[in-house]
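Look at the two complexes coming up: subunit A is in both, with subunit B in one and subunit C in the other.
Presenting the complex of A and B:
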């Protein structure tokens, strides 16, 4: 998909915000699953987030996607634990080893292992060709010691979820997802790439949300000239073709910048174009809420502007913001992936999904090592899960609608 | 209506002016100018350049002048139809990209037609046969379509075509037609190649459009006028196609507003993967080689195409929805 900035989020019109008229309506819409009387009472006193949760958990697919997202996020937080080998460690003799499927049962007993591979150089093409050797059984165990890494950047450890007893060697390779051109383990690189790709998406969306709420809030609450200027600015930004602009902006980043610097610059570039949809959403919410009775009531009771905005207005649409933000993360992830894929985003030695896919850029490498496309499957699964989760959240964000 | 179109057309130069400043700032953003990279290139090939020559080069291209003067020079030349010369290719830019621009627009146009031809029927089937097998099938298809980056689709199809049929599906022409003049045979050859990128790009747009179409049509199908027509004994298919579908397509037109600007620039990545002779891969190459005048020209073309796209969608909307005309 394209990194479209228009996300089609939020309820279509004011009617979605209308409060249900009778208690039966409420229980019918969101009931927590108790008896009718208890339902009605529970709903009457439930805070907004609880209503949203009751509604959300009815959407089984979204719930499942939420679990998938949590698993992926866990990998992103602890990539070292899930990795089996040093992601940067290259072994020149072990390039393009095909995947070694993890098998759990050996002769009927639970004994995880992979088959060994033996390589021979093809005398004509001079390329290493690998065949699975079912004679060689490499036992795999859990929680083994391996290369050293840091958990969350400060705790040094060497415990890994999976690994072979004596670690991967020339005779006993262990490439769960195969190896790349330089003999690096794709599985481990994928784990580290998850951290970078996911966090870029998340940070870019956080910056977008900040900008979007700020600009949308100013625009919707103040109205007048500020609204006019911000709206024109948003229209201008939205009519820009995002892909060439992103390409030009990232190409302008100095090549000698460190990995961290490039990382943050790319995050900012993605956010600077991505905030407009959220700003529109927030502005629309403000325009609707400004006329609501409870806001008028707060105003008449003498609450100051800040209190009205942050205590009364923002909480009523925070669930929309979360839903919109969830739907914006995959857009950012895909944008980062294609920029890095084209060689304009993150560059090696940084590892991200896009950087990994760079290895699969031409037909020769894909024909030779189709497993190099697997990081793309990770992208698809993540984006799919985030989209379904976001859709579920969006539907649940209006607990009073039907 | 005519008045509205004239108003929109009058806005065009202003937009182009703002966008051209934007494009100019973009191409000036990388550190150094293109004389710097030219010198670096010369130094790499072994020849040395003295300061006098550097200064001569700078003043020849007007690089020693203030930024705004440079901008007006650049813009002035562009308004006269002179896009300058590419440093990398050592050829005039206009000559370099003419055919590529045409192929980019052609690719976009084909994609647009196919997207709508696929999305509307899929949306209609999804809404009229809600919760049927086909509906679930298309829903899953749409979700996957949205989640798959176009370059992944391109890579996977490329791999499948190679491993199943042993063919390479890159490019838009067979070898014998690449530099041949335009003939009917060359055009037919183009059609034989262009369907794959068109399909890849259309699948992406289809997924989005079909979802919106399905939701819109579902809203319409519950309205009393549909019940009324049904009660009067109108045949189901005629009824659906004649009234609710027309109502449901209307909001779809407004998506053209963001879809058309994307149509031409969206193909950049697929074109790079499949090595298509459009302006996308050339933009990538010019950016990585710091061939900034070429990059600027291509970005201006993308911006221009985006403005035209927005203009067309505005006019379409005004034509279909009288309320928009009244407002302005």
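Presenting the complex of A and C:
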């Protein structure tokens, strides 16, 4: 067995428990401003998650990021509801329509609308040129009927958050974030792209966490040969440069696979490479915890291994796992985005942020339709929000640390 | 909306008209006498031009008074005794080349871009180094390295006259022996050419004969009349990195790599040194200037210690080039052609927009036309368009011998299925979104006013967007059952998913494919676009793995020569029917026997190769009627400059014509005489 001091046990340590000798110390650790109920008594009896929440709440930026993440997650769950048009539907006369700003007040009353646009092809340059026509007011209403979609894959509906009365037509265009070269609505494509990109990140991390906890748990709890093998495997995987491996694996995916199959394959590829760090952390935790008094006590009381692991040990570091997982999601999202951007990940007709950016990586988009790069902003916002949230969670994960 | 298609179309028509004229002259009866006569006056012309040239000679006064003038850099070399003077370097009767605008000035570097070793035809198109060439408008075959030709009355014997005094780029004389070396030691060498190039094979399967009449005269004798001879000869320029595309070669240089001449041990040493297994590999590499900078050529520019495998592929002027302008100035005007490697096509387009390329049409994406136009002043260039006349700039070809899934193969062979898919397409939408509103919806048949045009009925056959009829046809062939997503199942109840291969080569074909997928989905037919790298895509054509493929219709003007898309025997293999090709190659022993309509195509093509002009026109029209009616290829939009027709030209570069025939057999821009381009100094 390796000496405990060599292990990566994370930023904080349960040994802090023993150092905190008085209630005052504990409150000090959690910090001031706990609110009316959280006095010393409350802290004394509060479960771990409550302590974590009290600590997390103080990290205002993380709190805000949490809200952002929830909004993005809502979009990811109900992209059809937020979309205004069929994301695949091209309109031959409506390519490269610029952003139509949504305005809320018309003549002082709350009456959301967008100005109409009219376009024509420049006979000299052959470019579709669009001008805003302030004479044309296209009213926008909430909860309107539009194209049909399925909520969570089974409830068919046609209600959308936003839309124009009779849907977008040639006389009545409605492109919140402009349209692409095939006249497809970028706003709607972004909504659907959010679902794909975010879910790939989440599913990949879930698989990673499962693998990480399983392998880390076996390694840390059993030790010996199992530990040796798993650790060498982790070292092997970590010594391989991740990006070329991802590229090689995704490039090897059969090209005739359906969009769904490719999607799951890519998720799996990201997860299979991504679990190692988590496994290390979990192993470290196990090594520390299994010497702890409460584990020894459980052992002496005759609890079986499964009970000891899942009942006693895992709950004490589950907050760490959540924090680590949150931090892993943006990495997965970025990975999917750049794989798709390079044309190795998802491919059209699938829509993901990477696919959207890949479709915008050409001269005409950059020169004539810069709004097609907006999915990049969505990636930045999401990744930042998840990182800050993960950071906040990690700090809060051990409420006893200073 | 005010659009521009009409003017594009006019250009296309002009090109087509000239083409017709040319073909009339070149392909059929006419060439024999008139073409040869033509060569003669051209030569006579050279003399007076040279006289005029004398007074104008002011640059780089040579020690000896010469009849012709030359570039200052060559004059210096002559003065230093490194080169013979220009009169000695030129043949007795130089090729006199017309200029598009004005007599040029010497000097400068023509900056171009290429995409690496697989882009070897970029070089071929710039130098267009063949015995005879297509004229700038593509309308006729004109003398080039060869001085002229003659045929007997039934076109079975062709005599080609070389230019006495013409030289290879290393100064060695170019004679009939160089043609005979190609014939005896390349074409007839079974190791180098396991099966001789199709143009040299007689109807009975024997190989045509070539004989030397005198040092500057060579005679081809075919077993039957051959009216496609000149058209074929105009494409024997080493294209496609193939020694099968040669008709003469520098014997004095290549003998060292050929076992018939070289010492066996010395040759083996060379083979070992180069890391090859056999001398064939070594010879093939050494025989083409694209891959071997030491190989002498007869082009206006020769590789300067670099090849297509280099980051920068530089060509320098050939001091022995046979061409002069009408005032007796030896061509080319431009000192150097510099191809810069770009790994990415968008980066190449960006370089064009910022004015870093002097002359480029290849790899310029037509979708970038608006960007290019808007930056003309800033980049110091202007954009010229050379629309194609092939008929359709994105056609979906259906594999008629697909076997990987017999049920799918059955559908691809079903005419009703193809007609339904054609009716399901909204070509106006494709035109707006992928063609900038240019061109017209049509099938892949020649342009109107081309003599081969089969008529409006066929050009526009099945091109209406008629989903109802498409649905009715699909129901009619038993595709009535649908899956959960509303896609039709095949008659055998299995799901269908048609793969459309796109090689992102020259056009905006990926977008065309995506739009087609969407439009087919509206009638319940599932399809997807598969983007493949070029070499892999070509290989999969050959191995019969493709269902359908998008390419352009680039050979409709030349159904009786070269490798037309209408001929299942064409090489390299087409998606059309790789197993038909095998059937023909093996005389029916292997592969799949084609149905009667396709056999008919082959019969028509074979008859056209031996027929006079009037009969050829009749035959071609019949060919394209069958072609459009059977819809083995579904055309989308045609007569646009999508395929290498958006030309970025430096404002200081002159003699680039405003209109030009644009097609692969013409080697555009090679047909526009790049050696006469010049920079205003």
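Worth a mention:
What we mean here is this: the second predicted complex is superposed on the first by the 374 of 402 C-alpha atoms of A that agree within 3 Å, B and C clash if a C-alpha of one lies under 4 Å from a C-alpha of the other, contacts with A are read in each partner's own complex, and residues count from 1 in each chain.
In the analysis below, contacts are C-beta pairs under 8 Å (C-beta built on N, C-alpha and C of every residue); 3 or more make two chains touch, one makes a residue touch a chain.
Owing to the predicted nature of the structure, the values given are computational and were not obtained by experimental measurement.
Once subunit A is used to superpose the two complexes, subunit B occupies space that clashes with subunit C. When the shared chain is aligned, no partner comes close enough to touch A:71: not subunit B, not subunit C.
Residue contacts after overlaying the shared chain place A:182 against subunit C, while subunit B stays out of touching range. The partner that reaches more residues of subunit A, of the two candidates subunit B and subunit C, is B. Legend: residue contacts after superposition of the two complexes on their common chain; A:222 is shown touching neither subunit B nor subunit C.
Applying the stated contact rule after C-alpha superposition, one finds that A:102 touches neither subunit B nor subunit C. Touch criterion met: A:242 reaches subunit B, while subunit C stays clear of it.
Once chain A of one complex is fitted onto chain A of the other, the partner contacts of A:361 extend to both subunit B and subunit C. In the superposition on chain A, contact of A:387 is made with subunit B only, not with subunit C. Note: residues 343, 361, 363, 367 of subunit A belong to the subunit B contact set and to the subunit C contact set alike, using the contact criterion stated above. In the complex of the two chains, the subunit A residues touching subunit C come out as 88-90, 92-93, 95, 120-127, 181-183, 255-256, 343, 347-349, 361-364, 367-368.
Of all the residues in subunit C, the ones that touch subunit A in their complex are 1-4, 346, 349-350, 353, 365, 367-371, 373-374, 426, 428-430, 432-433, 436-438, 499, 511, 514-515, 517-518, 528-532.
Subunit B meets subunit A in the complex at residues 15, 18-19, 22, 26-27, 29-31, 143-152, 155-156, 158-159, 162-163, 168, 170, 204, 207-208, 212, 255, 258, 261-262, 264-266, 268-269, 272-273, 283-284, 287-288, 295, 298-299, 302-303, 305-307, 310.
Residue ranges on subunit A touching subunit B, taken from their complex, read 1-2, 4-6, 8, 236, 238-245, 247-249, 251-252, 254, 330, 334, 337-338, 341-344, 357, 360-361, 363, 366-367, 370, 373, 376, 379-381, 383-384, 387-388.
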